[in-house]
Every structure is written in structure tokens, then in C-alpha cells.
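Across the two complexes that follow, subunit A remains constant while its partner is subunit B and subsequently subunit C.
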Partner chain A sequence: MTTTLERPAPDKQAGGAPMIDRAEGWRRRAPLLPALIFTIIVTQIPFLLTIFYSLQSWNLVRPGSQSFVWFQNYADVFTDSQFRQVALNTVVMTLGSVLIAVALGLVLALLLNRQFFGRGVVRTLLITPFLITPVAAALLWRTVLLDPTLGLVNFVLSPFGASGTEWISEFPLASVMAALVWQWTPFMMLLLLAGLQSQPTDQLEAARVDGANSWSIFRELTLPHLRRFIELGVVLGTIYLVNTFDTVYMMTQGGPGVASANLPFYIYQRAFLGFDIGQSAAMGVVVVILTLIAATFALRLLFRTFSGEEEAA
Partner chain B sequence: MAVTTSTPPDERTPDTAEGAPEPRRRRGNAVDVWLGVIAWVVGIAFFFPVFWMVLTSFKTEADAYTPTPKIIFEPTLEQYEGVFSSGIGPYLANSVGATVISTLLVLLLAIPAAFALSLRPVQKTSDVLFFFISTKMLPVVAAIVPIYVVVNEIGALDNIWTLIVLYTGMNLPIAVWMMRSFFLEVPGELLEQASIDGAPLWRTLREIVLPIISPGIFATALICVIFAWNEFFFAVNLTAANAGTVPVFLVGFITSEGLYWAQLSAAATLAALPVVIAGWVAQNKLVQGLSFGAVK
Partner chain C sequence: MAEVVFDQASRIYTPGAKPAVDSLDLTVADGELVVLVGPSGSGKSTALRMLAGLEPIDAGSVRIDGRDVVDVPSKDRDIAMVFQNYALYPSKTVAENMAFPLKMRGMDKEERGRRVRQAAEMLGLTDFLDRKPKAMSGGQRQRVAMGRAIVREPQVFLMDEPLSNLDAKMRVQTRAQIAELQNRLAVSTVYVTHDQVEAMTMGDRVAVLADGKLQQYATPPELYDRPTNAFVAGFIGSPAMNLLDLPRSSTGVTLGGVEVPLPREISDAAGSRDRITVGIRPEDWVLESTDADAGSVIKAVVDVVEELGSESYLYAHLAEDTSTSIVVRGPGRVKVRFGDPIAVRPNPEALHVFDVETGQRLP
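Up next, the complex of A and B:
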């Protein structure tokens, strides 16, 4: 019995291989079941409950207010102008941070994909922002970096006449995004570096021997090879960043108004400060749908950009 | 793209560096040196806020509040003493407890599951794998409301075990994917040989499989530690004084924001330190963990 034989074909029954009998099937399934059951209970049941709650009018501070209202919450959500603003913020914050982080990450990955003195040290320095507890990172940005009078950013920019800028109240969304980009660029760098290092070197050698210059090698060989990794970075970044809560909570509390609030923060406000279970559940369902759209949109965009460039080449 | 605009294309050595063949070698070297310098500058720029946080944590408050930031000062440990006397202790203990126990639980559940999805696979393996990854696509906010309601109803608010269960659920899919990719590295011939020799399964596992996958177990554990330690959303919504973790403790500083930068830096440094160290150790595996094992 080789492992390759044991691995079932992607289809239901492994074609020529002997059918796994029932007892053997359960013996194989047994080690999987605890993890599977645990995951279903912890992740799926709450989500089903969310859908159930989203169809009810229920405010925790008014006991006995629980009643079935069908899609009233969704109607309310979509006529809520704040919600629309917050949804837009979420898209800008998520996609903006992801795309900037990927672009910067690509430049850094190219810089690090060469031999130079202390490369390992530079890589270690670069990944550190990603490891800092997001709550701590947000506090750091809010105080030591972006404080209008004593912050480092204004100190560094003071020769350019930018002193005294109230970053967090004047540009709340951009400030949050700056912190997110700082934290996520290292991850994109690591991902794309892994991509660059998986590129077959003989292909590059051959192109070089043929006299291709570095730019055309980059555009015609490296970039297409990296495409898969860039897409992966965008999708993963979107999945993780659409959930951003810590940074908003610590830096701006979503303010002023809802200028820098994203959906997780807004839902948190509705559920835990407004105690409106039905509405916040309905918003939760909308977020799931938005996540799917955001990821699809990001992928589409990339596809077009890349195929356009390949044609031009 | 800084790399390509900084120099005319034909002067640049290609990105994979090392052995660019002969004629361009000389000029290429100068460019290499400059690109190395740029990499250092960017690396230091990214790291600087962290460096500054650590530096500030050793200042007195007076030294932390100067219009011209101070680099030279007399270091003091008073901020760390302050943080400990303001009661970070129980929060640290909660963080350690939630992180360690949830990580152990994850490994306990994920290793057998990954085995059942790799070396001795169940039918419909790919469906199960897809299910696991799809749970990570579900935004946490979509689940927080019912989780709160249920936890409240069973009286498990502000209880460390609530966090442990949730962190286990949060990290389990990642761990299953990661562990599976490590199991798949076990050469089939070794297992075949063992089964021909008639060795019982558990012995094969212990003597052949375990040594091969143990670095993978270590890497998976580190990734889980990083996520559990940094988690904030569940912690802030479901815990308070009893079961609060370090990020929840840090929130306390936001109310006194602007007043105690040095002490805040000390607290933030303490909060970040364990994960920074874990991440430095596991840096080669970070991407693998975050991409669910898709990228090695």
C-alpha cells in the first residue's frame, strides 16, 4: 500500500483502486471527527443563529422586546445612511490598505531577493511590524507617532512645514490605513519573496543569455510568475483586513462621527453600545456578503490589469 | 517600482542576483551595493516605530514629552515597575493561559485530523479541506452577536475558558491545513517499507512520521500562539476584569491617553514581546501559516 494509492481521486470513488470498505472508512474518519465536529459547532452554529437573529426585532435593554419581523432589519440597514458610509469606508480601508501593502511588499521583496550584507537582519527588521500586537501598534500610532505636537511624524515632517497637523482628527481614515499598511506590508513582502524564490532560475538564466534586459525579464517572466502570489496576497489580505477592529477601536473609535468606522466597529457599536441584536445581526449577514464581493472584485481587477499588460508586452 | 526606476535597465543586475555573468559584473556590483543600502534604509524605517516604542519605555515621562525627540537620556526601569504595579499580572496570566491551552487543544485536534486528510485520507478529503478553509472566510463580526448571547445565557462571560474555546476554533482550520502540508512531506516509501515489515501503525507513527513532522508541529504551534496572543475582538467583547487578556489591559491606557506615554510604551512592549520573539523564530513559517499552507 503506497500513500499515492491510498489518496483517493478527487471524484467520489477512487476509480481502479479497491473500494475502501465501511469499517476501514470509519477507522480513517475517526481521527478527523473531533476536529470537524468542534469546528462545525464553534463556527457554523453562531452563523446560523446570526441569520435567525437578523430576522427578529430584539433589543437587550428592553426585555420581552423579542419578536419576528422578517426582513425589516435589512430594510432598516439599507436605509441607514450611516451604514452606507461605513460600508464605503470598509471597502476603501480594506482594498486601499491591501493594494498599497501589496505594491510596497513587491518592491521590498524585489529588494530582499538579492544577496547583500545583513539580508537576514533586514528581513527580521521588516517583519517586526507585522508581529506587534495590533492593539499596541494602534496605540503607538495614535500617540508617539501621530500626536500633533510631540509625535515623531510631525517632527520628521517639520522641515517641510507640516508641523502641527492633527493627523487623527483631520485624516482619520488615512491614519488608520497608514497603521494597517505598516502592519501588513511585511506579510505581503514575505509572501512575494516566497514567490520570487520559487521561480526557476534556469528560465531566468536562459532569458539573460538571450540578451533580454532586466526590465523585460521582470515584466515577461517574473511578473506572470508572481501573479498567483499577488492574487493570493490580495485575497488573504482582504479576508484578514475586512475584519479590522483593533486598529479602529484604539486609534479613532470610528470618529469623528463615522468618518473612520468600518463595519466590524459599527456592528460592535450597535450590538454592545446600542444593544440592538436584530440590527447588528442583519449587518453581520451583510458583511459576509460584502466580503465575498470584495474578494471577487479584487480578483477581477487584478486579472484585467495583468492580462492587459501581457498583451501590451 | 524603486528598483527599476533608480537605474537604467541595462545596468541593473537581475533580481535573482548572485551570479550575473561576467561583463556586467563590475557595474553590477556598485548597483548591488546601493540596492543593499536602500534595503537597509527601508528596513530600519519600518522597524523604527518599534525601536522608538522600546526606547520610550525606558524614559521618564519628562523625557518622553520633549518637542525634539530625545535619543540620549538616562534609562530607567520605573515605567515597567509602574506597569506591573498597575496590575498587568493577572492579564498576562490570562493571556498565557488562553494562548497555551488553546494552542495545545488545537494541536490535539489538528494533528489527527491532518493525518486523516493526508497519509491515510478519508473519502472526500478535498471537500473537508475546503470546509475548513471556508470557515476562515466568515467574518468574525458576523458571529459575535450570537456568541455573546449564548455565552451570556450559559453564564460564561468573563471566563477564560470561553476564550480558549473560541481561540481553538479560530486557529484549528489554519493548523489542519498547515499540519496536512507537513504530513504530505513524509515520503511514501518509508511508510510502505514499514507496513511491509509488519510494524503496527502507532509504531510507524512514532518512529518514522513523528520525527519528520515535529518541526512542522513546532511551526504550527508558534503560528497559533501569535494569533491567540494578539486576539482582541473576542477578548474585549466577552471578558472584563476576571478573564481579560493583555490587549484588554492596554485598552485601559486609552483613557489616560496623552498623559503617560512612557508607561504606555512599557505596557505595549510587554504585550508585544512574546509574539515578536515567537515570530522571529518562526519567520520562515509565517507565510505558510497565514496562507493556510498554500505557500511554503
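Up next, the complex of A and C:
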């Protein structure tokens, strides 16, 4: 104690940042408060209200029906076979689209990483799908490409006897995924192209001298080098695509039945078409919890990837 | 084990421009260590990359063991290369790095392991085999790169400034290790460096390049004693040779107002030229007493004294002609300081004389 009084400076150093008294601390933090309060109002209050609604039976079509039912809504959610179907759709749609987009993006990035005439033009053209508003892209796919009589896909396939296929009603989930893959492949391509261009050329030259052919170089060196870029692409793509709403809404309305509905769309349907506030609130809470669990693992992967574990020698 | 021949080999990056390597003729005998040395942009690295198959050969040919390799891809040339930044594979362990060229040649796992362990032992890397390159020091990475080259038992080693990323002490140590290893393995080696000390200490023969052209190809002593032109004379040796552009006099040349007689054969070779370039190495000056007779010694004023312990170098300008600077080697302990006068005399037996215009050696 005596020592502390006699030599205050070194002790402060040892404790890390110099001590600030409470008033000064508040003075420094005060300018951040409005933003914090605003964030709490727009995120946490709706969340708490959602939890509150999820414990009630409340359908807007029947006024006065509002009553407290505890966890009945949650029990209904887990016994709802449609909800399970939609949850599965969401997983297939999100992961399927992301993985296909990464695979296609990798192929395109490898092609773009070579020198050829008109590379700049080709690159720009390949990026354009990413620049289109998702609603417009979905509309484009529904009408211009997949329309059974006027669509380009059937026109191109007509010599092979595939004319008249009702793509959207026969393969609703695949159609939505096709549009999503089309929009997200350019993003993956750009990410992986950046990865490819950050690979040191002397390593590739060393591999050539060491007797590796193109395939061995790709498998032994390029793919390990791209690993963290692929992981980043998968995590970012998943975060975006798990929330897909506009594409589903524009192309299939989740139908036929719930064949192409994902969770955001299904909850929207139950809340704003079925007016079942209690039920949809409970679904929302369940989805948030599941997403939190998945996101925790995904983000942990992301941080591990960029902690520089595999940094170049 | 093979002989390497550059036969009028050229590399032209842009048609019409000056070639990066211009009609290079060079023969590396079996088991020899040849150093390519030159300043930046001299084409030494390009020449090595042509041999490695990383740059095309635009004219002439390159032969390894009698086989023309102009159209042979790198992987089929049976060479191993050590890169300046080592170019280790970051996702692989040391053992995997060293085994990579063997794996690419389809060698079975057992034999790979045996060879890697053998090379690791030779290079003192046995304890690091499971590490990733990131977890190693520069010197260790350099040895891994060497190991990756030697496990292959290739016909030719190519080394592109393999020591330039090491600190000075490590560099001297590794320099000796590489020379010793090369002697033991007796594999023909082409070694590129910009450091003339490395070239002189390691090379069986040294090729000096400038502007894409071979200037001289000789053993280190010959390069030092009989540089073929003024460029080589100035490039080899540290501190550099004093190259002085001097007017002729009846018996020799005039330096700092003093007649310096030239030996008969040099004088004859110089013919009727008015001026010649005279090269005097720092150690070929004789320090005289400052009281000596004015007609026989050259007076100079000291600008800088570099004391290295075993010797010292005096940087001085001539008293008569202050625009001419010279470097003189002196004994380890010299009394002179900045501004002191000194008197020197060149050793007439050790003069090098070059044409002023072409820079070619005269006798």
C-alpha cells in the first residue's frame, strides 16, 4: 500500500490503460449514447415484443381472440410438418446455392486468371449479374429465361425436344436456386480471383521446376492457398442467402405448396397472409436461435481462418 | 551431373528492344560451380531463368548434357532451383516441402521418406521436419529450400541469389556451406548473385554480365588479375579499382603532375593514343614519406579513413588535381586523419591499362 502511494506511475503502467475517473469516462462515452439507444430501440425492443407475441394465441382475422398460451405456439412449430419441410428447403437452398456458386466461381476465376484477348470485357460481363437488383433478376429469370412458351431456356433446348417444360412449377426449388447461383457466382469469382492473384509467383515457378504439372500445382498449392478465400465466400454467401426473400417472392411465391418456400418467406406468409401473429412470432424466435447457433460456428471458422494461421512463408 | 552450354542464347522481351540477354555463350563443365554476377538489369537472373525454363529462349540454344532444352518444359529438364525468397510451399511441412519434387516424379512414399531424412540430416533440419515454413527463421528456410533441391539429385542446381535475404553473418556461414555441399555432391551449379564477394569466394569460374552481354568468363584470380575491360576491372574488387583517365607523356602517363612510367609492353600496346584509362587497385599504391622528392611521388589529401582492423582504406583527392579521387590501402593502424597530406606512388608492375573509348584492356 505504501509503495502504491509513493510510486503511483509504474503501478498504473502495469495495470494497462491509465485510470480515468467515472465522470470523465461518462463524458467520453456520452456522444456514443444516442447511437446505442437507437440500436436498442430498433433491435431489442422488437425482439422482446416478438418473444411476448410468441407466447400468445393471436390471429388478426379474429379480433378479441388474443390470449396467453405459454409455449403452445412453440409446440405447434415443432409439430408442423410444413415448418420442417421449409427448414429443410432453407438449408438446401442456402448451402446448395452457395456451394454451386463457389464451384462455378472457382472455375471462372481460374479462367480469368490467364492472359487472353478481351479479358477486361469478359470480366466486366461476368460481374454484371451481381450488380442487378435481386427483384429484377428474379423477374428476369421467371419471364425471360424460364417462361414455358416464351422463355429462352426452352427455346435453346427445343432442338433437343425439351420444349414446353414448366420449369418453375415442375422444379420450383431448383429454379430459385438457379437464379441465386446466377447472382452469386460473380461475387465468389471476384473473391477467388483476388485469392489467386495473391499467390506468390515464385511458388508456382518452384513447383514447375520441381516437376509438377498444372493439375498437381492446382491440387497441391493453389487449392490450399485458396482455402481461406473459399471459407470466406461460403460464410458470407450463407449469411446473405439464408435471408433470401425477394427471389422466392418474385419467382414462385414459395409454391407449389411450400415446395420452394424458405423460412423468411414462410414466416412472412404466416404473419401477413395468414395473420397468425403468435405462430409466426414463435417461428421467428426459433429461426433466430437456430441462426445464432449456426452463425457462431461460421464466425468462429472465419476468425480462425483470418488469424493468419496459414500465412505465406 | 552434366555439362550446361549456352550457345548464342538470347532473350528479347519486346521485339526491337535491346535484348535482356544478348547472344550469351557460356559452358559450365560437369560438376563445376559457375557464378553469374553483374549489377541490376545485367541479365544474370534472366539467363538463369532461361536455363530453368521459366523464360523462353528467343534465339540460340541452351543444352543440358548435350540435349537441346529450348522446347523442353521446366519439369522435364532435370534441374533443381533455389529461389531468392525460397518459394517454400506454406501449406506444407518441411518434410512435405522437401518431398514434393520426389512426389511429383512418382517416387514411392518409403523412398521419399528415406531421401528426405538423409537430406535433412545433411542440412541439420532433422528436428524441424514437422514444422511449417512460417515457424522457421530465414536461415532455416534457406536450408529447407536447399534440401528441396538436393533430394532430387538433379543434373544441375540453379541458385538465384539464395543468400540475399540473410543477415551478413548468416550469409558468410551459408556461403561456405553451399560451396562445401556443392563440392561434395559434385553437381554442376549455376549461381546468380549481385555480390562480387560471393562470386569470387564461391565460383570455380565467374561470368561477369552487364547490359545482357557477357563481359568476361574466367576463374576468380584471373578476373582479378587480368580484367578484360574497364567494367570488369571496376566491378570486381572492393573497394573498387581506381580508374583514372590520364594523358600520355613521353615515357608513360601524367598523374597529379607526376610522370608515371609505364612498362614497355603496355606502352607499346597503347600505341599513339593521347589518353588512356589506367587502373590501379587500392593495394597497388605504395605509401611514401610526405617529405619525398616532389617529382617522384603523387601528393594527395585525405578525405575519409576507413579502418577495418587488419587494413585501412584512405579515400583522398589529388593535391594537384582536386577533382580526381583515389582509394589507397594502408596498414591496419594509420596515423593520418581527415585533411592530412599523403604521398603515394603506383606499383608500375600492377597497372591495368584500358582504351578510353572502348574500355578494352590494352596489352
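Here is the rule we go by: the second predicted complex is superposed on the first by the 234 of 313 C-alpha atoms of A that agree within 3 Å, B and C clash if a C-alpha of one lies under 4 Å from a C-alpha of the other, contacts with A are read in each partner's own complex, and residues count from 1 in each chain.
In the analysis below, contacts are C-beta pairs under 8 Å (C-beta built on N, C-alpha and C of every residue); 3 or more make two chains touch, one makes a residue touch a chain.
Please read these numbers as outputs of a predicted model, since none were measured by experiment.
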- request: Applying the touch criterion given at the start, work out whether A:Q82 contacts subunit B, subunit C, both or neither, answering first, second, both or neither.
  value: neither
Message: Once chain A of both complexes is superposed, is A:S67 in touch with subunit B (first), subunit C (second), both, or neither?
response: neither
Message: Quick check on the superposed pair: does A:P224 touch subunit B, subunit C, both, or neither? Answer first, second, both or neither.
response: second
Task: Please work out whether A:L126 is in contact with subunit B alone, subunit C alone, both, or neither, and reply first, second, both or neither.
output: first
- request: Examine A:Q203 and indicate which partner it touches, taking first as subunit B and second as subunit C; both and neither are also allowed.
  value: second
- prompt: After superposition on the shared chain, which partner residues are touched by A:N213: those of subunit B (first), subunit C (second), both, or neither?
  reply: both
- prompt: Which holds for A:V288: it touches subunit B only (first), subunit C only (second), both, or neither?
  reply: first
Query: Which parts of subunit A are touched by subunit B and by subunit C alike?
result: 208, 213, 216
Task: Flag every residue of subunit B that touches subunit A in the complex, lowest number first.
output: 1-4, 9-10, 12-18, 20-21, 32-33, 35-36, 38-40, 42-44, 46-47, 49-50, 52-53, 56, 65-69, 109-110, 112-113, 115-117, 119-126, 128, 131-132, 135-150, 165-166, 168-169, 172-173, 176, 186, 188-189, 191-192, 195, 226, 229-230, 232-233, 236-237, 246-247, 250-251, 253-254, 257-258, 261, 264-265, 267-269, 271-272, 275-276, 278-280, 283, 286-287, 290-291, 294-296
- prompt: For subunit A, which residues count as touching subunit C in their complex?
  reply: 200, 202-203, 205-213, 216, 220-221, 224-225, 227, 310-313
Statement: Residue positions on subunit C within touch of subunit A in the complex are 52-54, 73-77, 79-81, 83-92, 100-101, 104-105, 132-134, 136, 141, 148, 152, 158
Message: If we count contacts the way the header does, which residues on subunit A are in touch with subunit B in the complex?
response: 1-4, 6-8, 10, 12-13, 20, 25, 28-32, 34-36, 38-39, 42-47, 49-50, 52-53, 106-108, 110-119, 121-137, 139-145, 147, 149-150, 152, 155, 182, 185-187, 190-191, 194-196, 198-199, 201, 204, 208, 213-218, 222, 229, 232, 236, 239-240, 242-243, 245-246, 249-250, 263-264, 267-268, 271-272, 277, 280-281, 283-285, 287-288, 291-292, 295
